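A quick write-up on the structure given underneath.
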Amino acid sequence: MKRIGVMTSGGDAPGMNAAVRAVARRAMSQGLEVYGIDYGYAGLVAGDIFKMERSDVGDIINRGGTMLYSARYPEFAQVEGQLKGIEQLKKFDIDALVVIGGDGSYHGALRLTEHGYNTIGLPGTIDNDIPYTDFTIGFDTAVNTVVESIDKIRDTAASHERTFVVEVMGRGAGDIALWAGVAGGADEIIVPEKEFDIAKIAENIQALRARGKKHTIIVLAEGVMHADEFMTQLKAYGDFDARSTVLGHVQRGGSPSARDRVLASKMGAYAVDLLLQGKGGIAIGTENNQLTYHPVTELFDQKHQPDLSLYEINKSLAK
Amino acid sequence: MKRIGVMTSGGDAPGMNAAVRAVARRAMSQGLEVYGIDYGYAGLVAGDIFKMERSDVGDIINRGGTMLYSARYPEFAQVEGQLKGIEQLKKFDIDALVVIGGDGSYHGALRLTEHGYNTIGLPGTIDNDIPYTDFTIGFDTAVNTVVESIDKIRDTAASHERTFVVEVMGRGAGDIALWAGVAGGADEIIVPEKEFDIAKIAENIQALRARGKKHTIIVLAEGVMHADEFMTQLKAYGDFDARSTVLGHVQRGGSPSARDRVLASKMGAYAVDLLLQGKGGIAIGTENNQLTYHPVTELFDQKHQPDLSLYEINKSLAK
Amino acid sequence: MKRIGVMTSGGDAPGMNAAVRAVARRAMSQGLEVYGIDYGYAGLVAGDIFKMERSDVGDIINRGGTMLYSARYPEFAQVEGQLKGIEQLKKFDIDALVVIGGDGSYHGALRLTEHGYNTIGLPGTIDNDIPYTDFTIGFDTAVNTVVESIDKIRDTAASHERTFVVEVMGRGAGDIALWAGVAGGADEIIVPEKEFDIAKIAENIQALRARGKKHTIIVLAEGVMHADEFMTQLKAYGDFDARSTVLGHVQRGGSPSARDRVLASKMGAYAVDLLLQGKGGIAIGTENNQLTYHPVTELFDQKHQPDLSLYEINKSLAK
Amino acid sequence: MKRIGVMTSGGDAPGMNAAVRAVARRAMSQGLEVYGIDYGYAGLVAGDIFKMERSDVGDIINRGGTMLYSARYPEFAQVEGQLKGIEQLKKFDIDALVVIGGDGSYHGALRLTEHGYNTIGLPGTIDNDIPYTDFTIGFDTAVNTVVESIDKIRDTAASHERTFVVEVMGRGAGDIALWAGVAGGADEIIVPEKEFDIAKIAENIQALRARGKKHTIIVLAEGVMHADEFMTQLKAYGDFDARSTVLGHVQRGGSPSARDRVLASKMGAYAVDLLLQGKGGIAIGTENNQLTYHPVTELFDQKHQPDLSLYEINKSLAK
C-alpha cells in the first residue's frame, strides 16, 4: 500500500478537520502518500482529488466544518456510481480509503471494500447516533454549544420567570438532548427513546412555579417533534409564559472541543494503522474508553442506544 | 436625599447587573442607602423592595440577566398604578430612582418625576433602539453573540456550499443586523431602515456562486420580516440550497462583554451623580464617546437612527 | 440515615458546584436532609455548617469554583482535629458525608469513616492525578481552557514565526499537558512520565523551521520544571525566537464543560446512592466509561497513570 | 492610481485580518489591484509581495493574528533600507500603501510618502497606545480576553479567599488594565499613568477582608512593573494569601470581537478612500465615534492618554 485517500461525507461535524489531519499526518509518518477527496462520494466520482502535503493540514485542528467539504450523494448507492468512483481511485493509484461521516457514509465504504479498495469509516457526526461507539466525532462540541446556549437562555428565563422549550439536533437520537439537558440543568428532557406525557409536564411546571422556581427549561430532541408543535400541545394546559427556541445550525459549527480533537486524532491515526494491517469494510468506534472496530455490516443490524441513565438521573436532580 | 431605589424594566439585557452594581456602589460610596426594587414597575407597585448591601452586588458584574428581575407592566401607564407606586416609595422613604430598561420604561420615569420623585433612565436593551445614545447597555454583547453564531454557521455553510438566512433580534431597529452583518462578513444585510429587492439578492447569490464563493450568509433583522417568509420569497427565485436560522433568545443572555460592563459602570455611576445634583425626568446616553443626558420628553419625539454607513461599507466589502 | 453533609476540599475545580448540586438534589429526592459544610475540613472543625435548601443549589451547575468554598487544612491529619470534626457532626446530627476534592481529601474521608461516619470521596481536581478513575471532575474544563489558550497563542506564534513554551498545570501529573498538547496540535509535549532530551527538541524545532513551519508550540507540564528554567536550557541550543507563557490560575476557573457537569452529576448522585447502601471509606471513579468505587485505602497504594498513548500519537501527528 | 499594497507591521493584533480584508475588498470594488506584502517592512525590502485575489481574504475576518505575517524591522529606519523598499514598489508597480500596525510602523509610512509613495497607517495594536485615536484595532478583543481570564480567576479566588495580582499587557500604557479592571470588577487597578502607594493597597486589602469580602483582585499594567516585583513589595505588608498571574501572549490572539472587526472594516475602507483622494503620510483614528486622520508627524509629538475617568469610577465601585 502506497497511497491512501481521505474524505468527509454527510453532514459536517466539528472535529472532522482534526480527523483529516490525523489520517494525513499518520499516513505520511508511515511513508504513505495521501490524497484528499473533496465533496465526499460526489467528489470521488467527479475526480475532485488532490495530493495532500503536510502543510495542507497545518492549523486546521482547531477549525470547525471540513476543509474537504462534504455533500450528500445518494447516487453512490447505484453500481454505476461506484464504478465511476473506482475508476478515479485507479486513475490516482489510490489503494485504500478513510471516510469520515455518519452511518450513511458506511454503505459506500462497504461497496468500495467489496470492489477491492479497503475502506474504513470514522464516526463523524454531531448526532452520536452510530452503533458500536460511545461517542462520535463532533458530539462533544455540539453538546457544549447547546449547553452554552441554555446557560444564556437561563439568564433571560430567570429574569422574566419564563418557561423555555429548547429544540436541539440529533436526528432520530436523543443523545444531544440527554447530555445537554443534564449539563444544562434542564427541568425536563424529551427524547425519542422515552415516552412523555404532556399533561404531566404541564403539572410539573406548575409545581415548580408553586415552589418558587424562577424558570423552567425543557430540552426537546428534534426527533420527537418540532418545538412549535410542542408549544401548541403545551399551551393546551396553560400559558406558562412559554417561549421556544430552535438552536439550529450553530450546533454543527464551531471550533472543536478538546475531547473531539483528541478522539478525532486517535481515531484517525488508528484508521491508518488498520489499513496498513490490510483491514477494510470496518468502522472505528470508542467503547468503554478503548478504540474498537467492527465490520460495517454489523452496524447495519444494530441500533444505537443513548445513555438513558442520564434520563433517570435528571429526574432526581431537576426537582 | 438619603435613599435611592434602583430597578430593571422591560426585556432583560446583559450588563443590567453591572449597571445595578454601579448604581448601588456609587450611591453607597456617597453615603446614600440603596433599595432594590424587584420586577420593575410591577414590583414597585407590589412593594417588592429590599435594602441592598454592598455584598448583594458582589460577583454580579459578569452575570447576564438581571438580579432584580424584570417584568412588563403596562398598568403603570394609568394614574392609579402610579399612585400605588408612589405610596410604596413613601413607605420605604425612597427619595429618587434609577430605572434601567428600554424606552418603554422611560414613561414611568417621567411620571414618577412629575409626582416629585426624581427618576433617571439608563438605556438597557440589546436592541440599541433608543434615541440620544449611540449605544445601549447589552447591545455589544448581543452583537458578539450573533457574530459567534455566524462564525459557527459559516463553518457548516462553507462545508456544504449553502446559503444561510440568519434572523437576528432588534425589534424595529436594524442595529444588531448591521453590526453583526459587517462583523460576520455577511453577503447581504437586510434591515428595516433600507429597502431591499429580493430579485437582486437572488441575482447576487448566483453571481457569488458563479465566482466560486463557497457560501452565502444573509443577516435579516427581525423587524423586516420573519426568516420563514423571507425564505419563501427567496425560493421563488431559485433553490440556493438555502437554510434559515432564527437565533432567538440566546441573544438576550450571556456574560456581558467588556464594553457593556464599562458602559454600564459609567452610566450607573453618572446616574447617581445626577440624582445628587437634583436632576430627574432625564435619560442618560453616550454620544460621540461622551456621557450625556436629555429630558425623556425629548426622546419621545425622536427616532433612533442606526449607523447606516455600515450598510454602505458592507456593500463594497462583501462582494 | 436522615442527614448527610457535603463539602469541597483542596484546590477548587470547575464542576465542584455541579457535584454539590447533584449530591444535594439526589439526597433530597430520597427524603434526606442535606447540610453544606463551608471551607472543607477547616469548616467542619469550626462548625461552618448550614442546612441546604433546593434553591441553594439552583443556578450553580454552570458556575466555576465552589459555592462551599475550600481550604487546605493539614491539621485534620491529627486525631485532635478529627475529634473536633466528629463533635460538629454530632451537633448537627449528620450521619454521613460526601467530600469532593483531590486525593489529599480522601485521608480525612477515611478517618471519618473509621470514627463511624461513612464518608465517600468524589474526585474533584483539574489535575486528573487520582488512581482508579479515568477522569476527575474539572479536568475536561481545564483541558479546554488550555486548548483555547494555545489556539490564541498559535495566532501570534504563526504571525511572528515564533517558538512558544506553554507551561500548564497538573502538579506531578502530565494529563493536562498530554490532552491539551494533542488537542492543541503541539509540536512537543513534555511530561513527568516521559524522559526528554532538550538537544533533540532543539534539533526538531530547527527541522520544523527548515521545512517551512511557521511556529513551534511546546506544551510543558509544571511537574517537569518551570517554563523559565526550560527556556534557559533551550536557549543553550539556539534562539528560536522563543517566548514562554505560564497559563496559571485561569486553568482552575471557568464555567464547567458539558462533560464535567455530566460527570459531576452522575458521581454526585451515585455517592448518595452508595451512602444509602451503607457504604463508606470509598472513592468514586469512572473507569472504562462506567461508574466504579474502591476503598480509599487502595488508592493510597496506587499511582495514577496518564494515557501515554497520546504521547505516541502526538509524535506522529506533530511532524 | 492602479495598484496598492497592504502590509501588517509590529506586534500582531486581533482584527488585523479584518483590516487587510477591508483594504483589499474596498480597493478591488474601486477597480484597484491589491498586492499583499508579507512580513511588514522586512518583506517589503525582500520582495515578499503577491497579488491578492478576492478569495485570499475570504473567511479571514474571524481569524486572529495576521495572514500577512509581521516582523519588526528596525533597519527600515535607515535610508538604505527605504531605498530597497522603493525599488520593490517600483518593480511591482505599486502606487500607494496601507500599513496596519503600531506607531513604530508610522515612521516607515512617513518615509515612503516622502519618497513619493503615499502611505496611510491604521492603528493595529492591542495596547491602545496611539495618539489621535480613542481605540486601536485589537484593543477591544484583548480587553475581553483579559476580562474572561479575570472572571475565571475570580472563581478560584472566591473559593479560596485569596488575593490575585493579574499582570496585563499594554506596554507603557494603562488602557488594557483600566478597561479590564473596571469590567472585571477589580479592587485595585495599577497603571503607569497614576501613582500608587503599596502601603495603602495593603491597607485596603485588609479592610476588604475585615468587611467579609471573599477575594481581592488587583489588575497590574505591565508598564508599571513585573507582577513578581509587585508581589515582593506587597508581601512586605502581609501575606494576603496572594498569588500572581501573568496573562501573557494569549492577550494578542483569538478571534476578534465584533467591535474590532467593525472598526477594522471601517478604517480599512476609509484608508482606500483617502488614498484615492491622493492622501498620504497620515494615520487614521476614531475620535468621538468618528473616523478621523492626522499627519503622522503630528502623532510623533503627541502622547496618548488613556481614559482616566475609569480609574476614578473604579475607586467608588470597588469599595
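Chains: A, B, C and D, in written order; residue numbering restarts at 1 for each.
Here, a contact is a pair of C-beta atoms (placed from the backbone, for glycine too) under 8 Å apart; a residue touches a chain by one contact, two chains touch by 3 or more.
By chain, with names taken from UniProt: A, B, C, D = ATP-dependent 6-phosphofructokinase.
Worth saying up front: this structure is predicted, and the values here are computed from it rather than measured.
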Problem set entry | Equivalent interface positions on subunit A and subunit B, same or different at half | same
Exercise. Distance-wise, how many Å sit between the C-alpha centres of subunit A and subunit B, to the nearest whole number?
Worked result: 35
Seminar exercise, completed: Whole-angstrom distance, CA centroid of subunit B to CA centroid of subunit C, is 39
Exercise. Distance-wise, how many Å sit between the C-alpha centres of subunit A and subunit C, to the nearest whole number?
Worked result: 28
Exercise. Out of subunit B, which residues touch more than one other chain, so two or more?
Worked result: 151, 154, 158, 214
Exercise. Can the chain contact pattern be summarised as a line, a ring, a star, a complete graph, or none of these (other)?
Worked result: ring
Problem set entry | Touching residues on subunit B, where the partner in the complex is subunit A | 8, 11-12, 14, 63-66, 69-71, 145, 149, 151-161, 164, 214, 243, 245-250, 252-254
For this session: Can you check the complex and tell me which residues of subunit D touch subunit B?
Result: 21-22, 25-26, 28-30, 54-55, 58-59, 61-62, 134, 140, 143-144, 146-147, 151, 154, 158, 179-180, 182-185, 211-214, 255, 257-259, 261-262, 265-266, 269, 287-290, 309-310, 313-314, 316-319
